[in-house]
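As structure tokens, here come the structures.
Note that subunit A is present in both complexes that follow, paired respectively with subunit B and with subunit C.
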Partner chain A sequence: MNAKTTLKQTEIAIVGAGPAGVSAAITAAQAGAKVTLIDENANPGGQYFKQPTLDQPTQLPGNLGTNADKGAELISGLEHPGIELLTNTMVWGISEEDHHLKLYGRGESESLKADRIIFASGAYERLMPFQGWTLPGVMTAGGAQLMMKSQGILPGQKFLVAGTGPLLQLAAVQLLEAGGEVEAILELQSKKEFLLNATKLWGQWDKLGQGLANQKKLKASGVPIKYRHVITRALGDREVEGAVSSKIDSRGRICPRSEDVYELDTICISYGFLPATELPTIAGCEQFYDPAFGTYATKTNSDLETTVEGLFAIGECRGIGGVSVALIEGQLAGLIAAQQLGYDADQDETALRKQHSKARKSIENLGRLFSFDPGICDLVPDDVPICRCEGVTAGEVRESIRRGASQLNHLKPWHRTGMGRCQGRMCGPILQKFIIHEAGLEPSTVEPFTARMPIKPLPMKAVADYTTEGGETTWEDHVGGYGVARTEL
Partner chain B sequence: MTHYQADAVVVGGGIVGCATAYQLTQSGMDVILLERAGIGSGATGRSGGGVRQSARVSGEIPLAIESVNLFQGLSDELGIDIDYTQSGNLRLVEMYDHRRPMQVDISRQQSHGLDVQWLEGADVIEIAPALRRQEIIGASYCPEDGHCDPFKLITGYFNRATQNGVRTLLNSDVHSIERNDDGGSTVKTQQHSVKAGSIILATGSGTQELCLKIGYDLPLVNARYESMITEPLPPLLRQMFGVASSDLFFRQTQNGGIHFGGGIIDEEEQEDVRTTQDNLEMAVSHITRLVSNLENANLLRTWGGLDPSTPDGMPIIDMLDENVFVASGFCGHGLATGPIVGHYLAQWVIDGNKPQPLAGFNRNRFDGWLQTKWTPSGSFEAALATQDTQVAGKSVAVEGVPFMTPPDFEQCDDEGAPHRLVVSPEMCTGCRMCEVACSIHHTQSVSQTDLRIQVVYPSDDFFLPIMCIHCEPVFCLQACTHKAMEQDEQGIVRVIDNKCVGCMDCVKACPTGGVTFAISRATVVKCDLCDGDPACTRYCPTMAITYRQADPACATKYKQLIDVHLKDRVTR
Partner chain C sequence: MSIMRIKGIDRGEPITIQVDGKEITAFAGESIAAAMMASGLRTTQMTKQGGSPRGYFCGMGACFDCIATVDGVDNVRTCNTPVHPGCEVETG
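For the complex of A and B:
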């Protein structure tokens, strides 16, 4: 044990202060448990309920505004004496035997010992590359939402939204409401598939209602939704100046002479989500393949407890489910964890369980709205970089798959994919799709990159017990002031 | 099940396997390469990337020197830049206590023809300015050592092998090997059956398991090594670095990341490649102490790997049975010797004669060793701390400290010869642990006087423990006029305290200075061999003093040493 690290104790530790984490914290605290809620961002709310961080209170327009208000209402419940909120704090690991959480925030290292741990670590956005996707001006739909939600900044003026799933339409509406122009929405699925999948949400009136409202708003603003279209190229030398889209046929091939050229400055892409399961994986929780979304997620029982006793997984990290599922799972896990510790709550557990199973059931169908055939990997030309950190192109990856690579780890020695700064968070899911498609493998057999501590880049001083004495020369002096720009946590 | 046939089948797609497969095809053989996961997915791809000759066990040095010669032309031969930098290897000394052992170790390596030298702290900083001056006492420096990118090295070999027509079957875990009537063998995996004339097992951490299946119990224990890497930084470190006091190594890769790590000192068999909190904290704390300002860099990734170790720190490269070869047990430093081992192994397979450079790596060198407990790690401090590795007096040269090679013993021909203390002054580091051990054993205190053993420093780099070697004739006994000494049947002479008057006749008579006058007791004291378990030998970290059957020649040699170096001092 590092001499610098202090050991803290709590009853229930919750990793991630998104909708799931916040509702779990409130429920558990109301039952009487001592809760520590940890998030690496400056404010609770997660990506969905991201709160504006502006100096002056600003009412965000339309949907963004109502969303922020809903989030603020939820977050206000955190002002409970039983909840300790640690923001700007990264959980970079979990010890394998005693399950101490390793925290680093505001220059301090801490170990947190908890009787119960609830993982509510959320999800990453999934992408598919195309020519020019590394140009400034290409961002994820969630990234664009984030800039609007937290900073009140519209990331561009003229947008193209591309990918698959209902998030595209929501993001487009929010961009419109914030004053942007949306040239078009490119949806990979056909209109028939999309509507058929949407009807599976029968009974989920709030979701369907929101979807219909979005479509209505888009129609009123004259934004075309182009089904079975993909973005094939971002135009521009130093930044995005335009984009080219193509129609694809039912077998996933590009239809000749179907190109549309747009003049615009920002491209938002989204191909669904990837559960952030690093911490439960390191802690030894079993993972399972979720065929609906095509991702691995943390396995839990009906109590939301993982295969390791005392550890819970809720929200996106036990399978993509959206905000409504996250909120219910938060309540349920908070309640069960508190009950396990001997606290009595006046919450109606049976009703919660009923709500939960109903909500989860609807997700199985929600998955289809985000699903896509790995065959679209064929649309990525050979010279497009897939691994941005190490500059590995689709052609090189294809060549290695032809030579027998059938796991992500097989590609590492040949290309260093997944070994750059992003540690495979960006390229991992893309490479998985490539291997599944090119090698013709069962999707579940291609495992994600191994999760290891630190799960995100960690300043060495967080673990080192060496303290620099004053007046000492540093390597920056030795290399002639050739310092590196580095963001402090 | 798919059937294949080839001249040779290489099991294991690591550096040894790929290099052997490539060399075999250079001679026109038809080769199939079987790998249970991916190319370089075992120890090779997880290795530290060091290509060094220094800080190796003596027996391995000639092979390492040859390998470095090979590395110089390897980028051209493989047609891929393997990022080989011949910038030197520094093995850093951070404690004054390790300075002498390191210098002794340098002389040992020099005696094998290696260009390695001692650098003082200031000289180390001169060539590696990113180190913290206040933490470095000095280092051993071998300018011809260096490092390379293990991934590029293995990819280069694999590419070349593939171009030469090697057929590779990935994800193929070998579950059985059967001998055929024609002298060849059939290797079976879940999906394939490969018939071949020769089999080469270069199976790394899976070797022990596989060899047990075919009836060979090799002394291999898997040790886990953990590595980590920082984000890319501006150029800071050119050399490959090791540390004398632990298993820490570090280097800066071509793209700027500082790659560092080390082994886990654990006697239990390791089975997984996880990384541990403890090792992470230990390695990060250690390297940030050595390299300036590194605490501000971000740690990007950690990983673990398994490599089998042997009791003497050298690999086993041998023919198990007709046309069944094994090359494994590289003890965590096989990357550098892998290419040359591949070269010679292929030669052996092709012409059927064992190449001379591989002569020292037979498995039968461990016959009779296997019962001995040993640690699968090469840490100097671990050896100091673990009593189990102190095997002096058992007359078996068990490797406890691969970093310090034990002296070569001349075996005693006479089976009935008595056990005596034997000194190998070339191994003595002047640490004086023997004095402390002896003093605690006999007086239960650490005393500067009343010593039964004493280390003297005739010159700056020569130390000699002075003690009684129980020589014949027994001058002390003969000189004693007060019947204050007695000799038992083993020839051990003891002082009878209540009869000794302290006349010092015996002190003057002793040819080695082994009898001394103890002021506090007013009698003489001398070695009594601690009733057969001398404390000094147990605590000697370098085996400079051993307790074993000794020829009279040993005593003569010791007396000569005393005569040459110390005549004036011991006969006070």
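For the complex of A and C:
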């Protein structure tokens, strides 16, 4: 180990302090284990329970406030002598041999060796591109929510919310409650599909209740929900000044003369979620295709242990499941990891397992609320960039698929897609849909980009500090194309 | 377009940061992207290839679209970097 890198030791390391990670940390610490909980953000809570970062105590309006309070209550459980919380710290890699975690935070490089590791790395938002989607003023619906939740700032004035899934309606309600105007919600699914899928949530009264309350608020505020509509263009030269939408028919084609033009300043988009699986993938944990959500996720057994002994995966990274699943999986994995280390917890394991299988089963139906036909790739014109970092267009990608590209990794050497700063987090899922659609492949056969360390761009110093004995640091123009180093260990 | 700080939230004493040499108001705990947005500045970088304007996008540190030069350091994510008094941001 290089002298510049501190080596730390813990019993259970948990990557990600969202609902899953926090609940795992609390359960494991209460059982008596020594826990280190690591998160890249300034505060624990993850995206769902994002806490305000302002120096003053912050009371947010409506639903935003209720949610922050619930999160604060959960997070207060971290005040436990057995828990070390490392915020502002990125886990950028994991050694394939002895699974020590590579950390960088507050200008320091550290490595952490743990007896058990729990991945609770959460999810990213799934997107679909359109003309002008790189303009400032276009953001993910989750990004708009975070600007309100963590900063108390409404990220625009007049909004259009577009994509698919129940998150759109929730985001619109929160924008209204924070003082924004919402011109319309564009929902890809037909009203019939959306409602039919929603009835599959029969029995999950909290989710259905929340959905109905949102619809009621939107109606009362005069926000139209336009089903089977898509955004086709963001207007503006230097930032968003408007948007164009179109109706689509049952086969996903644009209906002629159905254009609506909006004058507005901000566009929020979301097409569901994708598990963040970079670290378990690098550690060699087997991934599986989750047909309910159309994504790859980390495989586990019923103990939530991955195919690599001692490594666990919980919450979104083992398959999109939402907050209720994340909380239960946190408890279960925290309990089992502690038990494996010889601690005895005062928890009803049988009840927890029952709750868990029930929660996971009901979530399969939630997937339908976010699912969409890859045929909508046809709506993306050839000149639209799919890869935001490297500017690779839909036309270039289509050409490569015609020439035989059938995996995301095939596109890398041709176009540098997935090799920019986001490392494929934004374009990967879109390219997956493109390949499935254009090449007519089974969704499960198209695999994600190969995950590589560092999983996010880092200052060169961080990786240089981290050269293990006999290892070589190679300076590659690889990640981000602006001189980020990758360590060959 | 005026982006606003949500009403009724106590933010404490204002501080000043500089964006491309221009002074703007911010509050302790705000991210650079948030403070910029609240002053109507939504472009954080012009891409090196093609010079396309970019700003706050994913909000969770995953997309790297909201990067800017902060206190002389390149490629800093403005969405998860807090302001400090006298902080200098260049959008290039």
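Structural remarks
As a working rule, the second predicted complex is superposed on the first by the 463 of 489 C-alpha atoms of A that agree within 3 Å, B and C clash if a C-alpha of one lies under 4 Å from a C-alpha of the other, contacts with A are read in each partner's own complex, and residues count from 1 in each chain.
The criterion applied here is as follows: contacts are C-beta pairs under 8 Å (C-beta built on N, C-alpha and C of every residue); 3 or more make two chains touch, one makes a residue touch a chain.
Note that the structure is predicted; figures quoted are calculated from it, not measured.
Subunit A has more of its residues touched by C than by the other of subunit B and subunit C.
In the superposed pair of complexes, A:R416 makes contact with subunit B only, with no contact to subunit C. Legend: residue contacts after superposition of the two complexes on their common chain; A:S95 is shown touching subunit B, with no touch to subunit C. By the touch criterion stated above, A:P457 is placed in contact with subunit B and with subunit C alike.
After overlaying the two complexes on the shared chain, residue contacts for A:L146 are found with subunit C alone; subunit B is out of touch.
In the superposition on chain A, A:L54 makes contact with subunit C only, not with subunit B. After overlaying the two complexes on the shared chain, residue contacts for A:A297 are found with neither subunit B nor subunit C.
By the touch criterion stated above, A:S406 is placed in contact with subunit B alone, subunit C being left untouched. Of the two partner chains placed by the overlay, only subunit C lies in contact with A:R238; subunit B stays clear of it.
Once both structures are placed on chain A, subunit A residues 421, 457, 459, 482 are touched by subunit B and, in the other complex, by subunit C. Subunit B makes touch with subunit A in their complex at residues 37-41, 45, 129-130, 132, 150-151, 154-155, 162, 168-171, 230-231, 233-236, 274-277, 280-281, 284-285, 287-289, 291-303. Chain contact summary for the complex, subunit C toward subunit A: residues 1-12, 27-31, 33-34, 37-38, 42-44, 47-50, 52-65, 67, 73-75, 79-80, 82. Remark: subunit A residues 40-42, 47, 52-61, 124-125, 134-140, 142-148, 150-157, 178-179, 238-239, 265, 388-391, 420-422, 425-426, 456-457, 459, 480, 482 touch subunit C in the complex. Every residue of subunit A that touches subunit B in the complex is listed here, in rising order: 1-2, 93, 95-96, 102, 403-407, 409-410, 412-414, 416, 419, 421, 423, 450, 452-454, 457-461, 463-466, 468, 472-476, 478-479, 482-484, 486.
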